[in-house]
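As C-alpha cells, here come the structures.
One chain, chain A, links the two complexes that follow: it is found with chain B in the first and with chain C in the second.
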Partner chain A sequence: MHQIDCPWCGVRDEAEFQYQGDASVTRPDPDAGEDDFFSYVYVRDNPKGWHTEWWHHNGGCRQWVKVVRNTATHEIHATGLPRDGLPVPQARLKP
Partner chain B sequence: MRYSAFSILWQGLKGHSGWPRMWRDPVPKDHYDVIIIGGGGHGLATAYYLAKEHGVTNIAVIEKGWIGGGNVGRNTTIVRSNYMLPANTHFYEKSMQLWEGLEQDLNFNVMVSQRGIINLFHSDPQRDAMARRGNAMRLAGVDAEMLTPAQLKKRVPILDFDNARFPIRGGLTQPRGGTVRHDAVAWGYARGADMRGVDIIQNCEVQDIRIEGGRAVGVETSKGFISADKVAMAVAGHTSAVAKMAGIELPVESHVLQAFVSEGIKPLIDTVVTFGAGHFYISQSDKGGLVYGGDLDGYNSYAQRGNMPMMEHVMAGGMAIMPTLGRVRLLRHWGGIMDMSFDGSPFICKTGIGGLYLNGGWCYGGFKATPASGWCYAHTIAKDEPHKLNAAFTIERFREGRMLDEKGVGPNPWIQ
Partner chain C sequence: MADLQTAAPLGEVSEFSADGGGAVLQVRPDFAMVQVFAKTGKAGELAQKLDIVSDPGKAGDTSSFAALPLSPGQWMLIADNANANTFGQEITEQISGLGYVSEQSDARICIRVSGPNARDLMARGCRLDLHPSVTAKGFCAQTQMAQVGVLIHQVSDEPAYDLYVYAGFARSFWHWLTETAAQF
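Take a look at the complex of A and B:
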C-alpha cells in the first residue's frame, strides 16, 4: 500500500487520499489558443516511471498534496505542498 | 491440422503423440506488408482478419513477451454489448455477433458461453436509467430485458435481495452476453493467423518506429530492423509509450485494474451479475472458481499489481450483495494495465503519420471487443480508411468535441 507523507498530517495510508491526476499540467493563459487548452485538458505524458501528481487528503486534513511517485514500482520519492517544486529523479525506466 | 471429433479420437488412439504445434516460431523476414506491434488478442485478431477478409498475408505480429501473457489473459472474460451511445452499441454488437460464430470460424474451442449478464438496480431512478439503456439497445437490434425481483430471485437466488442500503429492485439483462475462455481466444486467433501465413514473432521487443518523409517505414526491434509498408500499434496498456516512439501524444493514462478468483466450488451462479452501485461484478468459471472484480485502483500505474484498499473495497461490495462469499477463500488475484482514454472509449484509426495506425484506449473493456476490434482494424489498415463501425473511434474526436463519454464523467480517467 502507498504510504503518503502529508506535509500537514504526517505519514498516512493511501486509503485516506483521493488521487487527482497529473500535477505537471498547468492551465494556459486565457488567450493561449486552442492547441494549448486541448493539451491542458486531454493530453498527458503518462510516463512509466517517475510521475508528479496530486493526492487530495480527503479522509484527513482535506489539503492537496503534491507527490512524486514511480508508476512502475509504486515507490514514493517525495511529497510536498502544492507550491513546492519537488525534485524528480532523472532515471526513466524502459517503456 | 483441422480439429474435429475424429481427430481427437484418432490422436487418442495414438496416445496424443501426433498433435502439431499450433503456430510456428519463425525468424523475422527483412520486410513485411504489415507489421502489427503487440501479440495480444487485438493484434492477433487483426492479423487473422487481414489475412482472411483482405487477403493480406505477408504480416508479422511482433510481441515483447509471449502470446496470451498480457491483458488478453488478465481480464475477467466477460462479453456483452449493452452500450447506449450509437457508435458503441453498433461496434460492440458486431463483436457479439463475431463471438457467436467464432468457434466455427476459427475451428477452435474458445468456450463461448452465452450465460447472460444481469445489471442490478436498487431504486426507481436507477430502474429508469436501466430501462433507457435497455430501450437504446433494443432500438439498435441488441437483446435486452428487464427482470422483476421475482424473476431475478429464481435466476440468482444467492443474492441478498433485502440489503438495507441496496435492496434489489430488479435487473437489466442481456441474455446473449456471457463469458469466453480468454487464453483460448489468443491461441485460436494465433493459430488461425499462422495457418494463413502470418509470422508470430514472440520475445521480440519493438524499440522504435522508423519514420521517413512523414511515413512509417518499419520498426527497430531487439532482433534488428524490420521494414514494412504499414505499421499498426495494438499495445493497449502501453499505448502512450509506443505512440511516443512516433512522436504522438495521446489522451490516455495507464491505470491498474485488479481481478480475483476464488477456490473452485460447486455451481453457485450460472450467469454474470454486476452490482454497479457497489462497484462489484461476478461470474463463475467452468473450473468452479468465482471470478470477480470492481473498480480501478485509481492512480496512474504500469505495475500489473494493485493495492490492498481496492481489494478491501471489492470484497466489501461482494459481501454486500452476496454474503455467502465470506465463506469462500480467495485463490489468486492480479492486476492488468488499462489504457484509460479521456472519454472511456477506444481508438481504432489512422494517425497523422502515413502508414501508421492506432488501436488502443480500451479502458477496462477491451476483451469483449477483441473480434470487432481486429475486424475493424484490419479493414482500416487494408483500405487505409475506417469502416463505418469504427469511424467514430478517432483521436481527433476530442479536439472536435465528439467525445463518446458513455459514463458521462468527463476527462478524469481515474474515475471512469
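Take a look at the complex of A and C:
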C-alpha cells in the first residue's frame, strides 16, 4: 500500500487515488501531425526506477497530484501540484 | 404518465441505536447545502466575503452556516434548518462576481454518528486518524468509508461526526454502518 502526500489533503492511502499515467509527456501543438499525436497518446517509456506520474485524488479533494515514484521499489520521493517541477533522483535505483 | 412521488433516500428511517448503547446514528433532516467554487484568483476574496477559512481540514462556522473546505477554492456550505432555495439564492448574491454556487441539499444525506463508541465505529471504515490528539471539533475531510465517498465533519469533541453521503449510496452506506454499529 502506498501512502501519497496530497498537497491539499495531506497523507492519504493509495485506495483514495487513481493512477492516471505518465506526467512527463506534453501535448503537441494542434498542427504537429499524426505521428506526434500518436506518440503523445500511446507511446510510453517503461522505466525501471524513478517515474513522474499523475495520481488523481478522486476519493478526497479530486485534485490531480504529481508523484515521483520508483517503479521497482514503490518508494515515493516527492509529490506536488501539477504545476510543480519535482526533483527526480539521479540514481535509478537505491544501491 | 408515471405518477412521480418524492421519497427520502432512506425512506422513513431516521435513527439507529446499537443494543449495547455505544453508538447512535441519526439521519439529520432539514439542512441546506450548497457547493461554492471560487473564480480563478478570487478564492481569497470570496473567503473574506463569506467570512470563512480556506485551510484544509478546518471547518469554519459563521452565524448561519458551516463552511467545509473541499479543495483549493471550493467549499461546502451547510445551514441547519434552512430553506434550500433561499440559502442558495442568498449565497449566490453574496458572492456575485467572485464564484459560483451549486445547490446540493438533496444530493446527499447526513448521518450523525455519536455515542461512547462513535470513534471506534468510525475506525471500522475510515482510514483517517481520528485520535483526539489529531482531530477535534471542527475537523473536516473528504474520504471514503466502505468504498463510498464521505464528507466528514466532526461536530463535537465527545466525539460526534456528521457524515455527508451521496443519496444514491445512502441505503448501501446505512446498511454497512448499522451492521457495523451493532457490535457496540
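Here is the rule we use: the second predicted complex is superposed on the first by the 92 of 95 C-alpha atoms of A that agree within 3 Å, B and C clash if a C-alpha of one lies under 4 Å from a C-alpha of the other, contacts with A are read in each partner's own complex, and residues count from 1 in each chain.
Please note the rule applied: a contact is a pair of C-beta atoms (placed from the backbone, for glycine too) under 8 Å apart; a residue touches a chain by one contact, two chains touch by 3 or more.
Source: prediction; values computed, not measured.
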{"item": "Which superposed partner A:Ala15 touches (first chain B, second chain C, both, neither)", "value": "both"}
{"item": "Which superposed partner A:His51 touches (first chain B, second chain C, both, neither)", "value": "first"}
{"item": "First, second, both or neither for A:Gln63, with chain B first and chain C second", "value": "second"}
{"item": "Per-residue touch tally on chain A - higher for chain B or for chain C", "value": "B"}
{"item": "Which superposed partner A:Val88 touches (first chain B, second chain C, both, neither)", "value": "neither"}
{"item": "Contacts of A:Val43 with chain B and chain C, given as first, second, both or neither", "value": "first"}
{"item": "Partner chain(s) touched by A:Thr71 [first = chain B, second = chain C, both, neither]", "value": "first"}
{"item": "Partner chain(s) touched by A:Val25 [first = chain B, second = chain C, both, neither]", "value": "neither"}
{"item": "Contacts on chain A seen with chain B and repeated with chain C across the two complexes", "value": "13, 15"}
{"item": "Touching residues (chain side chain A, partner chain B) in the complex", "value": "1-2, 13-15, 18-19, 21-22, 34, 38-39, 41-48, 51, 53, 69, 71-74, 95"}
{"item": "Of chain B, residues touching chain A in the complex", "value": "238, 240-242, 244-245, 249-254, 298-303, 307-309, 342, 398-399, 411-412, 414"}
{"item": "Residue numbers on chain C that touch chain A, as the complex places them", "value": "56-57, 70-72, 127-128, 141-144, 149"}
{"item": "Interfacial residue positions of chain A with respect to chain C in the complex", "value": "8-10, 12-13, 15-16, 59-63"}
